[in-house]
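Please find the structures below.
Here chain A shows up in two complexes: once beside chain B, once beside chain C.
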Partner chain A sequence: MKQLKNNFQYEWLLLIRNKFLAIPIVINIIAWVYVLYEKSLLGSGTTVENQFYTYFIWILLLNLFLIGIIAVYIVNRDRDSKFEQLAMTYQVKNWQWLTGKWLIAQVYGQILTVLTVMIQIIWFFTAPMTAAEVLKQSIYTFAQMGGAFLIIVSFGFLCAVLIPNIFSYLAIPALIIVSVFLPFDYTGMALEFDNPRLHLLTPFDFMFVGKPYEGIWGIERVFQSTLIHQMAVIVIAILVFAFILFIFKRNRRSKGEKQLLLALLSITTAMAIVISFIRFTDYNQGFKQYVETGNFYIDTLLSDYKRGTEEEYYEDINKYYDEMQDDEHYDFSIEISDLDILLKEDHQLEATNQLTIKNNGEEAADEVLLTLNHQLNITACHSERELSCSADGDFITLTLAQPIQPNEEFEMKLTYGGEILQYFDEGSGESAFIDKRRVFLPKSAGWYPLIGKRTLFQVLEDEQLYVKFQIRNTRLVEDFPTQYNVSLQSEGVEVPLLMSIPKTENGKFTGTTKHGLELIGGNMVEQEVAGIRVISHPQLQESMSSIVNKYHQAWAGLKEWFDLDLMPKTIAVLPNNQYYNQVQNMTEDFYLLNEDTVYGEGIEEYIVNDLYLQVLRSGIPHPETFSDGGSSEEADFYDRIIFDELFNWSIYYQMEKESFTKYNTDQDWGTKYDQKIERIKEMEKQGDEYLLAFTRYLYDASNKLGNSKEFNIERLADAFEKEMKE
Partner chain B sequence: MYTVKIENVSKSYRKFQALHHIDLQIEKGLYGLLGPNGAGKSTLMNIISTILTWDEGRISVYGYDLKKDSHKVRELLGYLPQHFQAPGQFTGEEFLHYVASMKGMNNRQKRTIEVQRLLEQVNLTEHTHKKIKGYSGGMKRRLGIAQALIGQPKLIILDEPTAGLDPSERIRFRNVMERLGKEYTIILSTHILSDIETSCEHVGVINKGELLYQGETEKLASLAEGTVWEISVPISHYDEVEQAYTVLSSRREQEQMVFHVLSKAEPKHRATCVKPTLEDGYMALINGVIT
Partner chain C sequence: MSGMFFRCRLFFKKWVSSIYGIALLAAIPIAAIILYHDFYYEETGKLLSLIFEQLAPIWLILILQRYFSIEFDSGFFTQVVTYPIARYKFLLERFLFACMLFFIMLGIIALVLTSIFGAIIWKAFLYTLPLYFFYSAVMLIGLVISKRSLGALLGGIFLFLLSFIGAPLLGQALQMIMLKYGSVIYFLEGKTGYAFADNDLYYYNRLMYMGFGIILFILALIKFQRKPV
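Right after this comes the complex of A and B.
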């Protein structure tokens, strides 16, 4: 050991005297100074954790490259100068010679890790975080970066030993590209050749990259699996180094050295297998469940979707993403739903649900359908009325002995429970979960009975993907509102819980909605902004207040000018990765806002697009639909474009008070469009409010016209102006 | 008593045969190893210094089997390769400390005494604390010699040790070697024949992987007895002589050119047989004039 200590000390001297090796440290400092400068530019639009980890990944990748190159250099330096050849004539043992260098490369890498962690700690203490939270975050960063450097140094040494020329340097970027960039490109959409399980073969826990830091749920989801992943990385790094020692200059290796190395190789191999297996199993159960979910719904629901010709494929894709098809009319409604829920950590749920079901149709029926996720087991099904319950997949069929008449109601009670843990993006993220520090039960998880036969997930067969399908959650807006009375209890859940309906007292929530229930628990606070209840990460309160004020202006404008009351009572600010796919709830009583929405330049445009979609999804008339049910494409193309632009401008105007001409610059649709838009500009001379009134006039006209082909802006403008004069 | 015994050693790199059945016995003292570039000298020295393995044959050093007890041989070994660069960021003293520790001298006090002794021996005491990157070529060579001598090795292998040394340093070096040669075995590989001529009692000549000669240095010169001729011809015959014989040297004397040439038979030009030098003997061997 004394020999090793001496080697280490002299290698250290070489390290600190090499000016070029200061470059990576300087690059790191410059990078973080730039990041902090950027942060001050961005203001407090997002959490410090989100900002830190967004930049951290790029700095980590850069450092992986630099440290890998340095590791190769440390070995190549003495070989190229022939000093290694000379040293091989000394008594120094192979392991002493290489370990001294390996340790010094590791120390160098860990200096960068410590530097990063120190920056993180200082930065995080500027945010309202407890010391325990900061500690956990820094452990996480240390494990990710430290482990990654440990293994890249070992692979750097391996490359240098196996490839005794300049190409050993090229092996480092090649390794990084293969292990990191392939999964980096295909998260959630791994192509046929790219087995997502291979995404575990990364020098740091890749799941963090695939699903970035998630605000109100923090790093809770990935913390434990990351530590296991990095433990495996550390053990494999030692295993690789032991292998290097085993193959290095075998002719001068003593018997004792060989035996020790064999022992080390055996121990590290065994440890690597065990820990890697734990990590693999941890991921694979999520992946398997994701595949099972996909196959479950592909078999039962959308097996007719196949990839055919390119044209057919896009037709299928468009159909697949058409959220309006998610709404299926059903004559029955749940009038009252009294739900007693007990949440337990490890994703367990127990529930008793007292339902009042009504037949809103015009015919008597003896069968009523409910939807409940098939992961949950029904343990009891009672009613004073004689009925039988049978479950098949997600669907429960209530067969009544006596048919239920139109407008008649009946009561029943369901008791159910089980595990509700759902994954998305090939198992790399969770879309429904109940854990100690995080809870999310979206309506589409099917965690409580829904009326009718509802499709919880839409699946599209896709031969080009490894899993052979795409999957998304569904909209699930009901035809009739339900009055929910929820009593919520939890065991082992340590975070505050909120629902999409108002809280009446501790653990009690009551509200009437046709948008269903969402349940959220995490590091969040509530505030009221312009009469709207806003739930967000504590650090986002300020920026969200500004954003919600902007939204409020836009919603108020929609109400004032179009009688569209879309302003929600509650806005929850969640990470943008919480769902299977792009479908998110934007309803008038519970609006989900992306955590990534950053207040600043362009937010108004973002809001315009967001609200346009909200109008589109709300089921009420909007610029793309006509009362006759005809396709908007039947109207003149340019008329439709101009109507859309006017509608969007009218939302934008509520926030920015900017004229249509200024808003609508740089449009290049050709001469016909220019001719038509001239008329609008003429009308604009009468004032902005005049044009807003005209937009409303067009909106009303589109809803009143008997035939969408009759929608003609010039004619409607004439009529409007005539009306105004009168 | 032989300290290094090489028996029937062969070594090849894929299809290239670097050493053919070499048999060599080396005694305590200074031993010169001669041969042109690519002859196989470096391969042989790398084998003896435990860097390379060989295909067949047996080598023993001070009674230790080089294959089985290479770690024991390394304890006895001091080696100076022809080309190596000491890490430039070290001072001379730090470098020797580093080497000494790798040679198993873990006691810092003893190491310091040894390092100081060697720095003095190679005349680098004044530059002890200077970084190696600031050393001249000669200073780096002397530092290389110093590292080879650390730990008082019994077998010292020196590859072109005096290259880059000025005449006074070279004399100093020879004196050190001669002193050490009384106790230890030193193998010197050099192109500077005068180093061997003045210091080595025994010499070996290798060419194309084969050992052409081993024996006393003086006898190598005498082997060429009767094959070295001095020819004096007019300048206009320069090309004719160069094509006809292996020319060892030439000089101009007024309108005449005087050549020293190798030839088994008496040259047809007017020639006088002269007493061969070590260099003549070496050249005669390498060029196949004598066998």
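Right after this comes the complex of A and C.
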């Protein structure tokens, strides 16, 4: 031990005397400063955790490279200077010689870890966060970074011992690329050659898409599995180091040393296998379930489909998904739904649902269809009316003894329960879950009975992917509104719960909606902005209030000028991944915002674009001319473009009272376009409101037009001016 | 400098007399052939990017490192600089030798590819030149700071990782790997017009790397100069 201490002190002296070893620390500080200022994250209206974790992985990768190189350097230095040859003639033991070096490399790595954790803690305390929360997050960062450095140092030593020349340095970047490249920049679409399970073989837990932090749910999902992963990493790091000691200069190794090493090797191997197995099964069951879900709903594009270029293929796929959207009319509706829900930890749900179903059609029917996720088991199904229930997959068929007449209603009671846990992106994220500190049950999970036969997932065969399919959430559209009375109870769930309908009293929610129910629980607050309920992370409360106010202006304007009532009652601010999973389910009642969006200066343009898409997506009929694409050879191409611009401007005008000419600068479409725009500019002289009225006129005219007819702005302008004069 | 041709021959002989040297020279053509045969590319740009911007830099790094290591790692350099020569010429000469080897080999690949893809190869080659220069300059800086070829190697590898994995961090304007984008190939083919205002990004990107390359290059030469007594 005394010898080891001497070695350590000698290495420590060498370390602090080497001026090059200050470079990594300086690079770290420069990197953080770059992240903070160049990317102008501060004051961008996102949470501090979001800002930190966006760049944490980059800093981690940078440091992995630096620490790995330093580890190789520390071994190579004495060998290249031939000092090792001399030292080997001393009475120093093999393990003392290498352990001293290994410890010093680890100390250096942990200095950088501590630096990062300190930056994180200071940064997080600038926001109103509790000490416990900050502590948890810093444990996460410490485990990720510390574990990663531990293992990269061991591998650096291994490379340096095995490759006795300058190319041992190349092994480090090669290792990093091999282990990190597959999961890196991961889009949740592992290609044929890439097994998602291999993504577990990284020096830090990389089982997330984009970043580990998920807005209102924080790092709750990844926290536990990361700790297990990092435990495995630490054990493997020690195992690798024991292996290095085992193969290093075997001729001068004593017998006792050998026996000790063998003991250490066998203990660490056993531990590594056990812990890795726990981590593997943890992920693998999620992955398996994802594959099961995929195979349950799988569908083929076309049996004789020929794959063209990449672009054509994606176009065909998008077309396919658009066609498969759930917009078939169903005559029945759920008029009233009284839902008693009990949520339990570990994704358990128990519910009793009292339904009032009405036939809105014109014909009598003896069969009514409901949709409920097949993961949930129906335990009881009865009604005062004589009926039988049968469940097949997601669909429940109610067969009535006596047909139900038009406008007739009947009541029934459904009891069901089970586990509800859904994954996206090959199991590296969850899209429906009930856990201690996070709950998310979106409508698309099918966790309560939906009327009609609805597809909960669209899954398409894709030979190029590892899992052989791609999966998307569907758009579920209701034909009629339902009055929901929800009574919510939970066991073991510690976070506040909110729904897409308003809360009346403790645990009770009531509301009439066409959208349906979404249940969210996490670190969030509810506020009312201009009559809209906004559910968001506490840190976003202020910025969301100003953003939603802008949206409100635009929605109010759309209603005033175009009779388009798109203003939602509730807005939820979701993290990036969940936002994109749910975005197609936005309706006039329920709207989603992405937590990751940095609005900045161009917020109005962003909102214009967003609402334009909302008009396109909404069930409300919109002009056929509102579709991008088309070729410039079509007679009404420029007219349609100008109409689109006018419509966008009228949304913009509600927020920033700016004239069309000012809004519409920098357009370069050619002379034909300019001629037509001149006409608009002439009309603008009569005032902005006059132009708005003209846009409305165009909107109506376009709505009346069939797709085949020509849309001519000049002709319509003449007609409009004539009408105005009269 | 007198005897330059002789030294060039000497270096080349040294190069081809080791298995590693020959293997290194053969590596990229072999990689290019494998890439061409094993993968089906709809877009030329993707293959060009893979060869010119992602593989060739590794090659450049290894060739430069080897040329530097011959004198710097063996300690012969400490003796050479006692001769009455200008130090910057010494450095420039080694750099030139490495470049000759690199560009001759890359030229051969480009010639072969020209028969398949046409003149776009040479435009892409030209477009990547500033990047090679930037790589070389960073390696030179690493070399003169650490006085070992290791410094050059690490500098080059770090840059390579930055261009490869760190690409999202660099943002749109600073990308080093550009050829894989269809718009860049269109620009190089002249389809979108060289002088069109929206294309200035493609100029400025390369101009910036060229500019930084020159600055770093000069800094390295200055740092390498004999200290005035």
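Keep this in mind: the second predicted complex is superposed on the first by the 660 of 726 C-alpha atoms of A that agree within 3 Å, B and C clash if a C-alpha of one lies under 4 Å from a C-alpha of the other, contacts with A are read in each partner's own complex, and residues count from 1 in each chain.
Basically, contacts are C-beta pairs under 8 Å (C-beta built on N, C-alpha and C of every residue); 3 or more make two chains touch, one makes a residue touch a chain.
Fair warning: this is a prediction, and the values are worked out from it, not measured in the lab.
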Of the two partner chains, chain B (first) and chain C (second), which one does A:288 touch, if any: first, second, both, or neither?
neither
Which of the two partners, first being chain B and second being chain C, lies in contact with A:6: first, second, both, or neither?
first
Just to be sure I read the superposition right, which of the two partners does A:166 touch: chain B = first, chain C = second, or both, or neither?
second
Report for A:704: first if it touches chain B alone, second if chain C alone, otherwise both or neither.
neither
For A:715, select first, second, both or neither according to whether it touches chain B, chain C, the two together, or no partner.
neither
Output check: A:319 vs chain B and chain C. Expected answer is one of first, second, both, neither. What do you get?
neither
Please work out whether A:58 is in contact with chain B alone, chain C alone, both, or neither, and reply first, second, both or neither.
second
By the touch definition at the top of the document, which applies to A:88: first (chain B), second (chain C), both, or neither?
first
Looking at the overlay, what does A:672 touch: chain B (first), chain C (second), both, or neither?
neither
Per-residue touch tally on chain A - higher for chain B or for chain C:
B
Enumerate the contact residues on chain A facing chain C in the complex.
20, 58, 61, 65, 69, 166, 169-170, 173, 176-177, 180-181, 184-185, 309-310
Considering the complex alone, what residue numbers of chain B touch chain A?
46, 49-53, 70-71, 74-75, 77, 79, 81, 83-87, 89-90, 94, 97-99, 101-104, 106, 147
Show me the residue ranges of chain C that touch chain A in the complex, using the header's touch definition.
42, 65, 69, 73, 146, 149-150, 153-154, 157-158, 160-161, 164-166, 168-169
Can you list the chain A residues touching chain B in their complex?
2-3, 6-7, 10, 13-14, 17-18, 77-78, 81-83, 85-92, 96-97, 251-252, 254
